[in-house]
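Provided herewith is a single structure, encoded as structure tokens, for subsequent inquiry.
To keep things simple, chains are lettered A, B, C, D, E, F, G and H as they appear, and every chain counts its residues starting from 1.
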Amino acid sequence: MSQTEALQSLLNAVAAGEVNPEVALEKLKHFAFEPVGDFAKVDHHRSLRTGFPETIWGPGKTPEQIAAIMEVMRDRNPVVMATRIDPAVSDQLQEKVIGLRYYPTARICAISPITIEPQYPGTIGILSAGTADLPVAEEAAVTAELSGFRVQRLWDVGVAGIHRLLSNRHVLESANVLIVVAGMEGALPSVVAGLADCPVIAVPTSVGYGASFGGLAPLLTMLNSCAAGVGVVNIDNGFGAAILAGQILRTAYKLQ
Amino acid sequence: MSQTEALQSLLNAVAAGEVNPEVALEKLKHFAFEPVGDFAKVDHHRSLRTGFPETIWGPGKTPEQIAAIMEVMRDRNPVVMATRIDPAVSDQLQEKVIGLRYYPTARICAISPITIEPQYPGTIGILSAGTADLPVAEEAAVTAELSGFRVQRLWDVGVAGIHRLLSNRHVLESANVLIVVAGMEGALPSVVAGLADCPVIAVPTSVGYGASFGGLAPLLTMLNSCAAGVGVVNIDNGFGAAILAGQILRTAYKLQ
Amino acid sequence: MSQTEALQSLLNAVAAGEVNPEVALEKLKHFAFEPVGDFAKVDHHRSLRTGFPETIWGPGKTPEQIAAIMEVMRDRNPVVMATRIDPAVSDQLQEKVIGLRYYPTARICAISPITIEPQYPGTIGILSAGTADLPVAEEAAVTAELSGFRVQRLWDVGVAGIHRLLSNRHVLESANVLIVVAGMEGALPSVVAGLADCPVIAVPTSVGYGASFGGLAPLLTMLNSCAAGVGVVNIDNGFGAAILAGQILRTAYKLQ
Amino acid sequence: MSQTEALQSLLNAVAAGEVNPEVALEKLKHFAFEPVGDFAKVDHHRSLRTGFPETIWGPGKTPEQIAAIMEVMRDRNPVVMATRIDPAVSDQLQEKVIGLRYYPTARICAISPITIEPQYPGTIGILSAGTADLPVAEEAAVTAELSGFRVQRLWDVGVAGIHRLLSNRHVLESANVLIVVAGMEGALPSVVAGLADCPVIAVPTSVGYGASFGGLAPLLTMLNSCAAGVGVVNIDNGFGAAILAGQILRTAYKLQ
Amino acid sequence: MSQTEALQSLLNAVAAGEVNPEVALEKLKHFAFEPVGDFAKVDHHRSLRTGFPETIWGPGKTPEQIAAIMEVMRDRNPVVMATRIDPAVSDQLQEKVIGLRYYPTARICAISPITIEPQYPGTIGILSAGTADLPVAEEAAVTAELSGFRVQRLWDVGVAGIHRLLSNRHVLESANVLIVVAGMEGALPSVVAGLADCPVIAVPTSVGYGASFGGLAPLLTMLNSCAAGVGVVNIDNGFGAAILAGQILRTAYKLQ
Amino acid sequence: MSQTEALQSLLNAVAAGEVNPEVALEKLKHFAFEPVGDFAKVDHHRSLRTGFPETIWGPGKTPEQIAAIMEVMRDRNPVVMATRIDPAVSDQLQEKVIGLRYYPTARICAISPITIEPQYPGTIGILSAGTADLPVAEEAAVTAELSGFRVQRLWDVGVAGIHRLLSNRHVLESANVLIVVAGMEGALPSVVAGLADCPVIAVPTSVGYGASFGGLAPLLTMLNSCAAGVGVVNIDNGFGAAILAGQILRTAYKLQ
Amino acid sequence: MSQTEALQSLLNAVAAGEVNPEVALEKLKHFAFEPVGDFAKVDHHRSLRTGFPETIWGPGKTPEQIAAIMEVMRDRNPVVMATRIDPAVSDQLQEKVIGLRYYPTARICAISPITIEPQYPGTIGILSAGTADLPVAEEAAVTAELSGFRVQRLWDVGVAGIHRLLSNRHVLESANVLIVVAGMEGALPSVVAGLADCPVIAVPTSVGYGASFGGLAPLLTMLNSCAAGVGVVNIDNGFGAAILAGQILRTAYKLQ
Amino acid sequence: MSQTEALQSLLNAVAAGEVNPEVALEKLKHFAFEPVGDFAKVDHHRSLRTGFPETIWGPGKTPEQIAAIMEVMRDRNPVVMATRIDPAVSDQLQEKVIGLRYYPTARICAISPITIEPQYPGTIGILSAGTADLPVAEEAAVTAELSGFRVQRLWDVGVAGIHRLLSNRHVLESANVLIVVAGMEGALPSVVAGLADCPVIAVPTSVGYGASFGGLAPLLTMLNSCAAGVGVVNIDNGFGAAILAGQILRTAYKLQ
């Protein structure tokens, strides 16, 4: 019985007078979040509402904590993922969690069906400015695919060789939402937003040195974009960009 | 003859061999942008592609320049607008440009049909945290309405009195995309994104003092939001938030 | 003979002419601080006045220095603690200092009675936004308990899932002072201060990445809180928050 | 009938079956906040819970808006105040709002009974480092007095002439909570916290020039205080410091 | 007698034993700089070596000081200019200095021959991203022309409408050095440097708002440009860019 | 009877049993500081110990407050000065305070004997990099002269024309302490410290624009000077530099 | 037909005399970029246009990726280089890439002819302020030499011992363009630009500590230089400085 | 004839009475610097003029480079020192350089006579706020002693326990110049400057965490000190503070 069905059946029981409202409230809270040990409260609400995978942000958690949270999550959701996982941590996790897969460039560990068919219409185009931006771009791409979206990748098309971008305009034209990942000066999203005709999500990366100041430079560039219609996420936040892109396509789906 | 029709007819003439391709190319460039005096190149491309109003960013331009650009733009587009216009500048513009309307809270001047029917499905919900954030929130709202979108406003629902927001959850639920405007600590978008199930665009404002550092504080808050699915625009950039929200609804419309 | 009694008896001797004022002054200075090697002056004054444990800030001190200072302190105070102690340093300290206990999540080493009964009325509620904030939250909790205060913990109630907080409003209502620990966007203290009716101490943490800038983002968020009645301490300073909370409950106690 | 009584009577009516719960909910929401024009939602909840005055933050609001909000507030609360009010704005307000008083140094306008007797035990000591810090210190002092607390002022006791502070140690000793206001290097709270034995609230001010960077320097000083037990509020935020100090004394009162 | 001739004749006199070396040294120092009142030392050396105009940076000097310095300078150099001159200051200067011309967009006052023929081979191409960047771009253009260089202007070709730039590639191709002026996100120099095959000088401007932070955003963008061969000057420093471009063409000239 | 004599005579009276110690303590406190109205405590201690003028920092004080403090100060000290005084404020002060003189470039108002003979051996050399730095350099020079020191000025010797500095090496050699004032890049103190053989005090100024960030650039330059033996004061703080230079010469005097 | 095959067939046709070289060149320019694996697009355009070496920025790429890109590049260009290569990475690369040379101070790996004769007129003078700046200065020098330019080095001539610079003025006079590398306070470029009569490229380094803030201090110094004619590149960017210097000499060459 | 040979021959001539010492001194000053390998120019000028030790800043130099520079220096100066030397580097140096001593807390390696008698009148008082500030304070103390000055240390007298400072006022009174070292909030120099009557040199340290931002907090505190007469040096720059203090005492000595 899926989580949604369980919820529906609880509410029916209340309506039929079979379950007392106070009791139902207690149960509902349990739907809302579930304690794991004494260090976490797994929040099923959001995944329930959105259909996105349950996700754990890896840094600052021990492999034991991550594994324990994953086990609680997998009971309720077919896809569970953890981000910012180094290879060494992945090795430990794979000993503890059955069926875990690792995406090394994206640094993501996931439990998921072998193939995930796109569940929503539309395509998310993902562009990266340089080779060194790939880990962030792949974090976005893998997250989007695990969430049930169709992805088209276009790597290494930074503005210093603008013809590489212009030769691939068909990618811009066929995408319904674009994620643009760039470090150093971070100028790619402005150029893309001037060419494209769909929402653009800009992801600054910490790639660079000196006056990059850990990604501050491309972050400011993107926030000051003179091309309107660009939304910016945190430095290196490929995951957040994918979720925002997914929300945009889900909105389209719901409006149909 | 509308801009689209003119373009179509040019291309037909080329196809029919009536116009030489080199000549057509020259004409097409003219479609792309049009010089105004020696200080600006009006870019009709984007408005042509997107249907959004032609827009002038007011600061750093003289009233004469703004008026001259507006006259060039109005020949090609039913809606023309200028942002960041002080009342005194508006007074000067209204002497020069016939049919100009002024939205004082939003600080927008616009030429437009008397009524603009929503041209796209869906609703943009716009929330502001405090009364002092209204100019930015209204810039977003007026821009969205002039661009042909349906808007629902919800003002003064900051997190320090969370019940004001919780009592208005129906606004969050009925919107297809949300713009959340907040200064000071800028916490509202995180809370909203945790409650809502649609894309959230966060707009930091320069409202505040001291450690707000001109809007840096809410900007960082929003970029660090622990609720995924939030895209951030520049400080006080209500206009950009509206264009991004509009792009999202247009994407939905095109996917249908 | 307790430190307070020793002080009283010295002053009586001066009043009775049994001790020369110059001699007394020398002795008093000894009460005030005591040299340890040539690198520290242990200040007993504050602990004498407040009853809080003697505390050593660990970083930048060798295990030998920490152990030497602890030995001087334990002669005068039943509770002695050291903060920011890594497990490896703790292992070295436990070889040198008899009866030392280690709290690994809080990174605190302490000499103390086996059980510490609360010595003051009231309860300090401690909330953390995420699992990764636990080390700072536990530093606050353990410090408060070692100082003789009653503590109630509430972990993992960040604003992105506001129902987790709202379902635990009884914690907010039963506490007399609240410590709220949060990294990333740091919005939790504002929401808590809007719901609670007691002093709120906000502790930003360095948890996060990118535009968190080592905790600057939640620090600014908390300083700009639109909910009045929030006092902020340094990034990751769980210890300082506990001492401030303790001072507040002691004030209440003294006013009775 | 006071607000608290009205609330009590509504709940009694529900309990007695005289008022339908849905109707009561609607009424309760009205207690919670009340729209003023279309630009504000006055939040009576907090003032109801805490007994503090209803307060308007002046900047970014027109005199008309301030006056309208004050009129709504005064129906429910004997004390209403507005902060950051320039003399010219005060003049306009006094024409619109009957019985309004102006405190020029504190830049506060208030409606209040002629004399406000302290309603809580204890004393708030307020110290300022320099003459130029007086507006912030007075904002704290007037807010505290209007909120029903006893205040003791000690002006111009900065650390560059430490004997001025040491000669007034009795103020530190007789206060139950201290507010310490300082600009420039902002060192006063650290020294005070080392001498005092009660909670200390530090308020950085924007007084200074050059490397003060608008108050950043004293803000950082205070956050880094090596004296534990110091809570910091935003730059120039005398109001917030007074509310926090008041919450501390109310906690003492409630614990009795 | 020109400055160079005067210098030559002095050295000849020394060689011929007609002038004592000590005396010559004193005279040489006078060539090097000349006191004006007690507030300035006019440095003729640099202009002597480079042939560039003598230039006064206007801010922080009174009109009287500027006029006095100009009078000393004009005795030795056919072109004298002052930058950052507001119209009101220009009016005052024109009353005091005969033959002064004002370039209002560039905010430059200059004494110069009526026509200045280019004295060096090559062309300086100057591009601006937006209309609001014109004052800085014109400061560069007028400075270059007064210094004897050929200039080609290309205004309003920002990256959000990349076709405006691509349609004008002939300007990039015909220039020997390029000055690229841009505010907001400052991405134009990176794109230009990727297309052009000559040195590129990037000038960030303070045009923008919010996270532009007074020009910090485009400054960082330009410093982080992934296109090598870009030199950056200070925010709004059109003058410095023109001098650097001039030095580059003079180098070419001297190498011939 | 001078202040020092008065103090001596009080202590003698205590020693002779003519004055009760409690009474003496009260009197001593009066020596230490004297209240002016309820807004200031004039601190005579420092001026008593050092012989420097009594000084008022003007900003944030009303002309009435400044005049009142000056009147209290002049009773005890032959020289009284106020800094950062605009001409308009000076005009108001001169109506209220008899015998007040104004130094317009230095923005200092002072009460002093008509001629102040140097009271200490040695010379303070003061250098400024540019004409726009003169107000800060003159603040230092006038302060030093009013404090009884010999001053040698050397204006407009910035590093871009290093021969102007090298031609004046005798000034560096004859000074016993050097104050070096520079804005923009602030490189002058490093060069001077490499040439000179005495203590160097560096004063950054807010002269400049763009990436000067209000004087941050020269401040950092001076702090990072690779020439050891440079002490830095706050941006624009000519006054503080003069006091430090004076302390250095007084130290020399006392060591003799 | 793959892009590589198409290229091969084109070159064969040229070799066979079937295609005219001018025509081939045009076609070649259209072979804008070549994919390497799925992680990079090698851009031959720029190197083709400018004659500079093909260059790989090392950080964030695996040795395998670097080696693969080098192999693709060497087919088209006699000189291929990689920057920011640690000795350990260099060891791995030398096993994979035949004929690779390592410049340890410059941290550059290169494939190149054994001797590279200068291909352009003129000399690039390169100055460093201190010994610790050598890696950046050598990165500039080696890049320039591999690109076919004549280089003159002048190390350890910082401003704190200005005579070291003045004794080497002949280097400044004989160079046609100067690269000036400096960390700490970064004052050297200003002094050099005041003495020299050619374009100056300033390179800040991250050498220093404390208020150097990772090179921010010398970066700001150089941007604020009061000597016009200075272009600044990113912190530690010796490579970019060399390319800009080379572009300047190539401009001279083309203008002849 | 190499520079070294020329020097040798000059010294021989002096020894033989063939050259008058005054003449030799003049000539020696012209031997401004001596190359060491191709990576450094040892500058004997400054040490010759001032009598301070020759000093090498360790970071960024290999042990081989440090040893080579030391050998060149020791020929001319009885005291040679290197700063910021880790124990491991010290071990390597001691194998290469005969008679090298290591001061581990100060991280200084030095060649010097066994005992260094104070060569100047007066005492440098050095204060540190906390135990963790000792490495910086000892760097100052050892540098001063190696330079021939008398030093008095006073450790662990931070402002949070002001009585520790007040009980040691005799140190402040007997010193002729004070160096005050403090991290965290950095308030100690302001308090000391208010009590003392001699020049005060403030040294911020990077001790602290969170909002200390690597020493920025105490740096700003010290620059904003409301006590005039404080000169600030770079973060952690104990060496520079000692040299400045030494220059002050030398000035006194020369004025006698």
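Quick notes on this structure:
As a working rule, a contact is a pair of C-beta atoms (placed from the backbone, for glycine too) under 8 Å apart; a residue touches a chain by one contact, two chains touch by 3 or more.
By chain, UniProt protein names: A, B, C, D, E, F, G, H = Nickel pincer cofactor biosynthesis protein LarB.
Remember, predicted model here, so these are calculated numbers, not experimental data.
For the pair chain A and chain H, chains touching both partners: C, G.
The chain pair from D-H, B-D or E-G that repeats the B-E interface, sharing more than half of its contact pairs by residue number, is B-D.
The rotation relating chain B to chain D, fitted on Cα atoms, comes to 90°, given as a multiple of 5.
Between chain D and chain E, the centres computed from C-alpha atoms are 54 Å apart. Inter-chain centre distance (chain C to chain H, centres taken as mean C-alpha positions): 38 Å. The mean-CA centres of chain C and chain D are about 27 angstrom from one another, to the nearest whole unit.
With touch defined as above, residues shared between interfaces to two or more other chains in chain C number as follows: 46, 160-161, 194, 210-213, 216, 219, 223-225, 234-235. Pairs of chains meeting the touch criterion: A-B, A-C, A-E, A-G, B-C, B-D, B-E, C-D, C-H, D-F, D-H, E-F, E-G, F-G, F-H, G-H.
Chain contact summary for the complex, chain E toward chain G: residues 46, 49-50, 55, 121-122, 176-177, 194, 197-201, 219, 223-225, 228-235, 239-240, 243-244, 246-256. Partner chain F is touched in their complex by these residues of chain D: 131-132, 134, 155-157, 160-161, 163-164, 167, 207, 209-213. Chain contact summary for the complex, chain B toward chain E: residues 29, 32-33, 38-41, 43, 45-46, 57, 59-61, 65, 204, 206, 214-216, 219, 234-237.
On chain H, the positions that touch chain D within their shared complex are 129-130, 158-162, 184-187, 190-191, 193-195, 208, 210-213, 216-218, 220-227.
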